[in-house]
Amino acid sequence: MKKIAILTSGGDAPGMNAAVRAVVRAGIYAGYQVFGVTRGFQGLINGDFVEMTLGSVADIIHRGGTILRTSRCEEFMEEKGRLRGLEALRDAGIQDVIGIGGNGTIRGLYEFSKLGVNTVAIPGSIDNDIPYCDMSIGFDTAVNTVVSAINRIRDTATAHERIFIVEVMGRESGHIALTAGLAGGAESILIPEVPFDLDQVVERLKQGMKRGKLHSIIVVAEGCCGAYPLAREIQAKTGMDTKVTVLGHTQRGGMPSAMDRNLASRMGKRAVDLIVEGKGNMMTGYQGMKIVDVPLAQVIEGKKDIDLDICEIARILSI
Amino acid sequence: MKKIAILTSGGDAPGMNAAVRAVVRAGIYAGYQVFGVTRGFQGLINGDFVEMTLGSVADIIHRGGTILRTSRCEEFMEEKGRLRGLEALRDAGIQDVIGIGGNGTIRGLYEFSKLGVNTVAIPGSIDNDIPYCDMSIGFDTAVNTVVSAINRIRDTATAHERIFIVEVMGRESGHIALTAGLAGGAESILIPEVPFDLDQVVERLKQGMKRGKLHSIIVVAEGCCGAYPLAREIQAKTGMDTKVTVLGHTQRGGMPSAMDRNLASRMGKRAVDLIVEGKGNMMTGYQGMKIVDVPLAQVIEGKKDIDLDICEIARILSI
Amino acid sequence: MKKIAILTSGGDAPGMNAAVRAVVRAGIYAGYQVFGVTRGFQGLINGDFVEMTLGSVADIIHRGGTILRTSRCEEFMEEKGRLRGLEALRDAGIQDVIGIGGNGTIRGLYEFSKLGVNTVAIPGSIDNDIPYCDMSIGFDTAVNTVVSAINRIRDTATAHERIFIVEVMGRESGHIALTAGLAGGAESILIPEVPFDLDQVVERLKQGMKRGKLHSIIVVAEGCCGAYPLAREIQAKTGMDTKVTVLGHTQRGGMPSAMDRNLASRMGKRAVDLIVEGKGNMMTGYQGMKIVDVPLAQVIEGKKDIDLDICEIARILSI
Amino acid sequence: MKKIAILTSGGDAPGMNAAVRAVVRAGIYAGYQVFGVTRGFQGLINGDFVEMTLGSVADIIHRGGTILRTSRCEEFMEEKGRLRGLEALRDAGIQDVIGIGGNGTIRGLYEFSKLGVNTVAIPGSIDNDIPYCDMSIGFDTAVNTVVSAINRIRDTATAHERIFIVEVMGRESGHIALTAGLAGGAESILIPEVPFDLDQVVERLKQGMKRGKLHSIIVVAEGCCGAYPLAREIQAKTGMDTKVTVLGHTQRGGMPSAMDRNLASRMGKRAVDLIVEGKGNMMTGYQGMKIVDVPLAQVIEGKKDIDLDICEIARILSI
């Protein structure tokens, strides 16, 4: 019987469990044995494989985190580590590896495939910064979590007539900030991809206040600028009480949204199909609401852009 | 100054307020006066127009329902009614009408446009049955509401080892049932578009129980078959305690998801752009995650299909 | 080593798992072996005992339903069945039984105690109809679930200017209806404990509409009157579109509220303390925000009243 | 016609709007004119009074924040400011003042009553640190918000096998930390009222890990110790990756829980009754699940204790 390994790696994202469930069930349905790898690439190196059954993925579709655990593994970034992983796989008689994770995980799978292992990547990342993938697993849930936090903060911002700066995840990309900022009706959205002019932000705040706005919310991606110094500058320039909330790790967990569960289910199923069809070294991308096959080599080379139209719409709608 | 009217019509959908906000703000930004019409086409006939300001749409982006109210208006379905509406518009000096609603609303706007009024339709419907529109405003929220109800029901289904039938909205279309059923991990999903064989459903339930499943959830679109007679038949054929929950109007309300708010914001902005560009009698469609312009005539002729692949995936993943 | 059995019985309630966790951990901490009984009294009769460890109750504090499963067991209602349960317990060397459930469960434990078994009851019931217990486990969560459904329904009721009748659980008691109705701002609350006059309800609706109310919500306990015939009568007498939503089993599941988790944790701990102190045949009651010991015999004889002041407050505040 | 003023002051709390609604409606029902004061004591000084109608409190029972706005007012802390407030009240012909807020607000009302104004305080504070009040308005909602954040964090903590420190509000009191920590299943809870020994915390963490715990959550009240230095020390002493999340202002807003809405409704009604009965200078307390009248002088002198039993239960149940 042919054997597949499934692992989750890097930062966890809501919906990873739904993808694991899909891989396990579709794999068994297609006649494979499916093995769960514990703690991502580290578990691959250590040979931590557990056979998965239909029942071992029961009741996990709605759970955040990942039942397979995850880690960031330095050792796998070097060939020596990958060779150890290869040996462990060979010992266990496993031919194919499906990995769920972000750009780091995809690169790891790509390098691993060069050793002759058949790999498939499923894009799972709250950051939504993976090329050839309009939405990665976890992004929709994270955005809804941020929007729900903005709702709460808006209540207290209105009550006190304050400015609030909400710092969200995104070291190098503003996808969460932009999407959640638009949905949350934020007055300004600051992201790493677009340089900002503090004077314009302040001018916008002042004009909003003049028109009777009782509060202002500024959403800032963490990679953009420090939220606390920004608050001090804005308070100094507007004379308005300005508070900061850093959402932090609350953005990572939680019950996955319907969107993320379905994306994960469809991608997990497609990943198994790719294995069945003998098409390795691919990512299950998402473009135009369709699951599409993208060669890992192409993903590695690609770059995910931000939609600048959204910035413009957000700006106009929060006047 | 040019004048736009904005109305919501037919069944309400979460996100309609976000669309109203977008139309009002983008309209004012583009130099128009924007008038809200109360209670849909009925208000159009009655000349119930209220001028909207930037402030009149403050703090509504996150609210379910519609601040403009809505109704189903028989009178507007006949030309006599539409002529009265035309007169009221002319009296108020309004040239353009943007309407948010489902297929009935779109048809009303299409017929109205034949009288020489410039109309733009924004697709808002929890049913997601509008052609040339991958997702209509309200669908994502309704699906999440259903999935959250399935979660609750699964708790008690597991505790008691029961079969549960969950009836969801969808008289002629199974989009909610299928999307929520996949995300909820339902054991069977019954929709109007696909004929079902009760014996197969029962066989599937029995095999699941044999493999150790502690519960089974069957999601049924209301237009598919009666949930109560179905429950009686299943209970008779499986010998298992089988309960019914009809989700009803709880599916319609609630705070819109980030997805629905953003779809609404982008479509509202595009609807105003169409007016500005002089391109009337269009719908702001949604295809491949992009807002696209679709002539109303084409929408009227179109048909929205169900994705049968999803049925297959749902079936395999719930073994 | 002394042995305790823990079971859940009757209708499930959110927070039961938190109580199971508390009993298991506090029991082990106090030096006992703790055994989980599967499927309530039926499992007691069948001798379905599984030893619980600290780990077997990890990660369950926030889960609805009950990991021990539950059932309604006819056999245990007769002495013959209870004698079989006694035998199974004796075979397993278990001296004490802690049961979580509603009035039926408490009566079962009371009868069982007459056979010489040391029993402690923990009140778990969404109905909140247990004497000497201001709040039973699951009630607060169920009320919040109902209030959240009322919020959703209010959105659509306002949009369409309709009357909505929301039927909630409570065959013989109106606690859920009254508490959720007050919190949901319902215009009328109909409960089994208080006879109602349809003409007064209608009069109230008419006056509300006259004062400009855009919608009305009537909350009805299921044991009070049929929601559908009531809707027909109200529609006939007011001329207003009147819809019904039956919340059903969605009220039973879901993640327990903080209140229910803490109530469960405190009661579970106290139940073990009672065993340790050799004080059997007691219920862990809740009065004046304190956990109190109440003899089972007294609970059996008692009656839980409804707070009529709340009815009056709800009536005044929804004018 | 007699006139009442109603204001909200200090930090906002979810449920304040439900209390405002109750005061306005019960006041009008009792034959009073009710005036809303904008921005707390500052509005009192400025004479910012707006007459409230039945309709002006429609659809606010479920909203966080306060429609009356709030502020912290230095001027009112001195007699000169209070005298100006008295004058403004006299000018408007208002005899009685109902204020909703925490200990600072209560003290303000107490001092104000010495000038001959009839005042009633309604305890609204997420901190739950008001004497003679088992639960203040907003506490239950804030605790549920924290517990929901802990749930999210636990997902990612488990996935990565990390220690997480969650800092919650409470400069001088540990009520939120303790109640949310127990409900969230936190491994350690650090509060200002109870000195802690870092070595014991570390020992506990190590033992938990040894028993197979995949994560640990430590809840810390902000007034207890800095979360970041604590994390560094724990990481150094355990060798485990230790992260910090500061929940901040997300704890203040949000839709009030059923409990908070009902508490607010009952207290608002009682506050008006006190005015009607001519019993001023009182707080509507909450003891043993009953609304009780407490003289302001007594509240000022009182002290709210923490329930140390809860600390002990939390400690035992998270072994």
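Quick notes on this one:
For reference, chains read A, B, C and D in written order, and residue numbers begin at 1 within each chain.
By our rule, a contact is a pair of C-beta atoms (placed from the backbone, for glycine too) under 8 Å apart; a residue touches a chain by one contact, two chains touch by 3 or more.
These figures come from a predicted structure and were not determined experimentally.
Of all chains, the one whose Cα centroid sits at the greatest distance from that of subunit C is A. Rotation angle, subunit C onto subunit D, C-alpha superposition: 180 degrees, expressed as a multiple of 5.
Per-chain CA centroids place subunit A at a distance of 28 Å from subunit B. With centres set at the average Cα position, the gap from subunit A to subunit C is 39 Å. Between the Cα centres of subunit B and subunit C there is a gap of 35 Å.
Shared contact sites, meaning residues of subunit B that touch two or more other chains, fall at 151, 154, 158. By the contact rule set out at the top, the touching chain pairs are A-B, A-D, B-C, C-D. Across the complex, subunit A is touched by residues 21-22, 25-26, 28-29, 54-55, 58-59, 61-62, 134, 140, 143-144, 147, 151, 154, 158, 179-180, 182-185, 211-213, 255, 257-259, 261-262, 265-266, 268-269, 287-290, 310, 313-314, 316-319 of subunit B.
Put simply, subunit D touches subunit A in their complex at residues 8, 12, 14, 16, 63-66, 69-71, 145, 149, 151-156, 158-161, 164, 214, 243-254.
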